[in-house]
Every structure is written in C-alpha cells, then in structure tokens.
Amino acid sequence: MAVDQNLKIELGKQGIFVTTIEELYNWGRRSSVWPMQFGLACCAIEMIATTMARYDLARFGAEVFRPSPRQADLMIVSGTVTKKMAPQVVRLYNQMAEPRYVIAMGACAISGGPFKQGYNVLKGIDRYIPVDVHIPGCPPRPEALIQAFMTLQKKIDGQPLTGEGRPRHLDAEAQGEFPVPEQGEHDLEPTSNKGVWPVPITIR
Amino acid sequence: MTVVENKAERAEGWNRPQVIEPDGEGELLEVAMGPHHPSTHGVFRMDVALDGERVVRLKPVFGYLHRNHEKIAEGASYLASMPYTDRLDYFCSLTNNWAYALAVEKLVGQVVPERAEYIRVILAELTRVQNHASSIGFLIQEMGASGTPLMYAFKEREKILDLFESLTGSRMMCNYMRFGGCRVDVSASWLDATRKVVAGLPAFVDEFEALLSSNEILMARCQGVGILRPELAINAGVSGPMLRGSGVNYDVRKVDHYGIYDRFKFRIPLGDHGDIYDRYMVRILEMRESIKIIEQALRDLPAGPIMDTRAKLRGFRPKPGEAYGRIEAPKGELGFYLISDGGLNPYRYRVRPPSLINLTILEDMCLGHNVADVVLIFGSVDIVLGEVDR
Amino acid sequence: MKTVEEIKAAIEAAVPGAGVEFVSNPSASAQHSLRIAPQSAVAVAKFLRDDADLAFDFLSNVTGVDWPDKEIAEKVKVMRWVTKTVDGPDGQKVDQPVEETVEETRKRIESGCLEVVYHLYSVGKKHGPLVLRMRTVNRTDQVDLPSLTPVWRSAELQEREVFDLYGVVFGGHPDLRRLLMWDGFKDHPMRRDYVEPDDFEYEPTPHDEVLKRAQERENREQRTEGPRDRGLAAG
C-alpha cells in the first residue's frame, strides 16, 4: 500500500515516520552495497581512486571492499577480462551470495574495448554473466563510477519484493549458477552463454 | 658497488633457486594465491608449496591479463600504438610514451627540440614521484595498514593527476608524446600550477617518512626479509629500484644519457642489504631526487617549438632496420624493440617489460620465508599486471 | 665499448668454430648485430659474460621474431627447344627443332625460420647494447635452439614467452612451459600465420575486416543450421 507523499511529509512533521516494508528493505540494501575487492586492469586503479579521500565512495555506503566473494554484494568488473581469466570471473560470480549485482566498468569489460582484436581478450563480460550497469570510458572517471553506483542504487530501490521484476534471491525459480566456460585448444568453450547473452541482431 | 663476481663461485646452477627440503613432518600444503587475491595487485597467481608456514616452492603463473598488445601493435601504424603503450604500466603512462617515442626516434634518427625534452623530463619525474608514492602505499597496505598510507599517497597522486589532466586531457592514459616532440605545449598557468604542486612535494615526502620510515612494524617486517644478492640481481636482469636496492649502481638515466638527463644534478640512491626495507628507502630517496630534477627543469625550461618541424606524422614509414630504445621507467628498465620492414606497421614490436623480468627471482627471494612475507616481498617488487602480461 | 666487428673477432679467437656472422642494421640506430650458430651459442654466451673486457653480465631483452616462408617470384632465362619451320636445304619447308631463350617466371619457396634476438648490456662496464641473434632451421619441425638461461637467468621467463607465443623449443631450459596462454592451448599466437578464433559474433558497427568476418559467419551459420533463431533465448 502506497502512502500519499504529502501525508507522509505531514506526519513526518509530527514526528511520525511512515513507510512500507519494501521501501525500508530496499533502503537498507542500497545503502550498504559492499563491492568485491577485485581489480583486473587499469580501470581498477580508478576504482581505487574512487574509494580514496577525494572521491570518497564511503558517502554511498560502499567503502567496505570485501576480499571474499561470499561477503560481497557487488562485483565491479574493472578492466579487461582475458580468456584465461574469464572462467575465474564466472566462478567468483557464482560464489557470491544473492542478491548480487555487476557493474561492467570501462570499455574492456563491456566489449573488449581497445583490445578487442586481441586473441586472448573476451569481448565483453556480459557474454557469461548478467550485467546491471555498464559504464563506458577508458578508464571511466571516478565520477562515472559514482554515477554507476547511483544508477545501481536506483535500480535496487525500484525492485519490488514480489511479482515480476523481483530480485533473484526472492525468486525461487531464478538461475543461481552460471556455467563456467572451459579453456579449449583454441578458444573458450562455449564462446558465450546463450541464455545470458543472445547474439544481438545487427541491423544494417 | 659490492659486486662483481668471483668466477670460481660460478658453479653450474649458481643462479637457480635453492632447493629447500621440507622438514619431513606432516605434508606439504599447496596454496594457489590468486588470480583473485587482494594483494596480488590485480590478476597474478602464485602456486606456493608450504611446509607449515615456510615456503618451500613458489611458482608464479602469468597471463591472466595478456591483452595481446604486441600482436595488435604489429597490425597498426606506428603512431596508433602510442595510446596502447599508456595501458602497459597504467600508473606511468607518460614514461611508457617516452620509451616508445625514444625507440622510434632511434629507428628513424629523429631529433627532439629542447623544450620538448624538458617537458618530457618534468612529466617523467612527476610520474616517478606518484608511482613510488603509490607503490609504497600498496606495500604498507599489504602489511596490514588498511588504507591510511595509501590515502596519503593517493591524495598527492590526485594533485599530480590534475596536472596531467589539464595538460593532456586524461588522468591516466595521457597519450602525450609524439615521435619528435610532444603533442601540446605547456602553458604559463600550467607551469605555475606545477610549481605549486612541486613546492608541496618535499613536505609530503617528509610527512610520509615521518609516518613510516621508523615505524616499528615496518622495520620488523621488512628488514632482512626478501634479500636479493647483487650478483643474482644482475644475472637475472633485475632493474630499477630493485636493482639499486641491492646496491648496484645502475640507472639508465646516468648510463645511457638519453634525453637531457646529464644536464641535471641528481644522485642515485643505493641500498646495502637488498632487503624490502632498502627497496622502500630507495624509492623514498628517488622521490626526493626526482623533485630536485623537476625543480631544475622548471627553472631552465627554454622557449621554442615542442615538435621538430621535419618530423613526419602522416605516412610514417621508417626505413628497414631495427632499433632498441630504453629508458629508466619507475619500475625499471623499460625498452622497446622495433623491426621495420619499410612498411606502415612495425614488422616486430616488442616491449621489454621491467615488471615481468623483475619477477624472475621472486621464488629465490621468498624461499624459506613465511607465507605472510611472500605478500610483502611481492609488493616490494612493484609490478603492474598490464606490463607483466601485456 | 669495442665495435661489433671487434667483438666478432674476439669471439672467433676465443671460441674456435663459433660461426659468428655480422648482420648490419641499415637504420639510423646503427645497432648492428651478430648471428651466432646455435651449436656454439652457450659457449659464446659464457665467453661474452665472463670476458674481462666485454663483461656482458646483463641480458636485457629476449625477442622472438617470425620469418614466414616466402614465395619468391623470379624471372629466369631458360633455353628451350622449339620446333620451327625453316627453309630446308632443297628449297622445301621443313620442321626443325631450334634452341631459343625464353623468360619464365618461377616461384620458389624460401623456407622461413624463427629467430630469437638477445640484447646484452654490461652493468660493470656500463656499455651496450650488443645484439645477438639465432635462427632455427625452419618453422615446423626443427625449431630447437639452445637456451641461454643457464648463463643469464633473466632469459628464463622471456624464453618461456618465446616458446609460448612462437613455438621455439629451448633445449636446456629448466622449466619450459607456456607463460601467458593456458596449458591446453595449441597454437602459437604471435606467429604471422596464426588464425584467430572467430569470436566476433557481434559488432555494433562492423566495418572492413570485421564486416567480412561477420558476413562469413552468417553465411556459415545459415548453411549449417538454417536461419538462425533470432528470438531472445530464455534468460
């Protein structure tokens, strides 16, 4: 049941706080997103810079970088994912507890970026795991990462607890494990997870 | 210099890691540290065999960030590789630019105008200061001081990055140098801002040292740990602060006289014991020397063009031949080896990565120490994965 | 530092039968190099390191270079017998073979090789670089070279890298495994004839090479599975 915004303000003036479980729950979730301490390449340095004094990610409740995937809510894929590293990234993602989110930081994590022609470079981490926020840039500035955070917080805020669009941990049917690619003789096998990443249609 | 070698000592296998026998009690424990490990500076893996706490074997595993830089560069024109060099050692894009520009300039016999040389020196030394500050910050972070020294380092780094950004347009990936000069000229206001930042640097180093140098924990954990003998350091191709921490007086700035380094007065700090503490101290002292160089360069900066007018930018085709150019990057000797077949693209493009080669003797330094020291020894090498794996 | 020619003479004096060859470098850098024969490479390396004057104690850089097989087209003059009608002795026309020179283009395959280049410096004497190179016999089955790791430790990781990316097998290397690619990987990706895996399934703005590849992939897929299922798979 939604509370009328004006009524809420009026009640607030009287010292009465009215909210819904959903709002309270999501407020708690979005204000303590703990990222995983996990750097891949150059973008990781900007990620570190974001947590430092000038940009101060602590303002968003996200300064607690956890080294263990079990304690983390958010994976920031900060840098180039190579084919040698991709299985490990998927495995780490599988080890994170729900609810979990992914930010693909930088051109490399989105699509392979400047190194797209490379034989050992994965052309975007979204081939294997679902990504919530993409931030372009090479590297994205710390402000861009903060913007990604705020976008993610908005997304969390907007997730209902029941029905369509509820977060995966409240959906018993949702997929929890994502298949880890194998390193084959020439390439990763399979080259993408078709369930997560259907080959987009190119319109020419 | 305490070196060089007594030939009789050079028995077969003197430069191999020693073999440590387990004490026979219990089993060996195999630990894979990395590729996701909070203190491996990215995606590096060490397969360590432990006898209790003691390391008896350590095999580094590379390639988790192998981005095929060399292959891509062989399919691109000479200039198009310049932005890729930024992404090698992503802390020090400007020195990478310089090393590459220097190699190409050697290949074609290109001269660089005075003013550009001074600007290069200023930028390279600023890069060195911020690299050493951050690498010390990471080292202390690995020791367990979560955050504080790193915050100090990054506070200063941000000021230097602001200078880079206002000059080149990017904080980290500067893509600034060209064959025969630099891309844009520095303005008077930029120079003023730089003077201001540089004037604040000595105080920063003092503060950093007051915080760290005589810290009991730092001394207890660093002194006598991870010793690298000078003969082995030379034989293993170790360079940069690692080599000088072992007491070998070898700095490419002094040896090759590239750029205009012989116009400046600066000294080369050397360690005596070759342990982590010496490497830390060498880095601190190098920051002080770099500040001196920047001050001199700012004082003497001449007017003039920043780009040689005869430099060719479009249709750049060097004559067939090859060249190896190297500079003293903050991590060590960074070299580029180019073979030209007269075409638009280099036939062979090779980066000599100091970070990778400095890791050759990681096992030797770690053997016999506790597993907690491995992280510190590794941190003291000061590597960046983008350069290790390329 | 001695000139490269002097070093060559010194090597030949110290290591009999070293088989050193001078390779000149026409570019502005003028870093000439010495090509050494693989069988005497370790002896030459030891001499360069231990000689008091040369003292090349610092091996800075090890590079692999691929020289693929080259097809050389050359014009050759050949003599040929051709039948021509000439005036016979008794006034008749007769066919008679005559010799004639014609130009013919012949294709010759020059067998390629893999080359390894070493850059040496001296820390003690502060000179360098000295460039050494070695060549394998071909690119397919005779790709062995002696490892210089026992002489200079810094070759250890770099030779592993050359083995990984070019496929040069270094005899006497203490730990010759792939360095950068994973262990099960089969190719040597830095070779010029390496074919990259086709994993450009999608490119928002394909052009040139990529467009060609995308087109080929599409044709292939249509041939094998019929029209591609373009609906979104259940996610």
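As written, the chains take the letters A, B and C, and residue 1 is the first residue of each chain.
Everything below uses one rule, namely that a residue touches a chain if its C-beta (ideal position, glycine included) is under 8 Å from a C-beta of that chain, and two chains touch if they have at least 3 such contacts.
Only a predicted model underlies this, so the values are computations on that prediction, with no experimental measurement involved.
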Original post:
Among line, ring, star, complete and other, which best matches the way these chains touch?
Top reply: complete
Subject >> Maximum centroid distance from chain A, chain identifier (CA atoms) >> reply: C
Original post:
Which chain, with its centre taken as the mean C-alpha position, is closest to the global C-alpha centre?
Top reply: B
**OP:** Please give the pair of chains with the highest number of C-beta contact pairs.
**Re:** B-C
Original post:
At what distance in angstrom does the C-alpha mean of chain C lie from that of chain A?
Top reply: 45
Subject >> Whole-Å gap between the CA centroids of chain A and chain B >> reply: 32
**OP:** Can you tell me which residues of chain C touch two or more of the remaining chains?
**Re:** 180-182, 189
Subject >> Shared interface positions of chain B, touching two or more other chains >> reply: 63, 66, 68, 71, 389
Original post:
Among the residues of chain A, which ones contact at least 2 other chains?
Top reply: 84, 117, 119-120
Original post:
Considering the complex alone, what residue numbers of chain A touch chain C?
Top reply: 83-84, 117, 119-120, 123, 130, 183-188, 191-192, 194-196, 198-202, 204
Subject >> Residue ranges of chain B in contact with chain A within the complex >> reply: 35-38, 41-43, 63-69, 71-72, 75, 83-84, 87, 90-91, 150-151, 154-155, 157-158, 171-173, 385-386, 389
Subject >> Of chain C, residues touching chain A in the complex >> reply: 180-182, 184-187, 189, 194, 196-197, 199-204, 206, 214, 228, 230-235
Original post:
Contact residues on chain C for chain B in the complex?
Top reply: 25-29, 31, 50, 55, 57-61, 63, 65, 117, 119, 123-124, 126, 129, 131, 150, 152-158, 174, 178-182, 189-190
Subject >> chain A residues touching chain B - in the complex, by the definition given at the top >> reply: 37-42, 44-46, 48-49, 52-54, 67, 69, 79-80, 82, 84-85, 88, 92, 114-115, 117-121, 138-139, 141
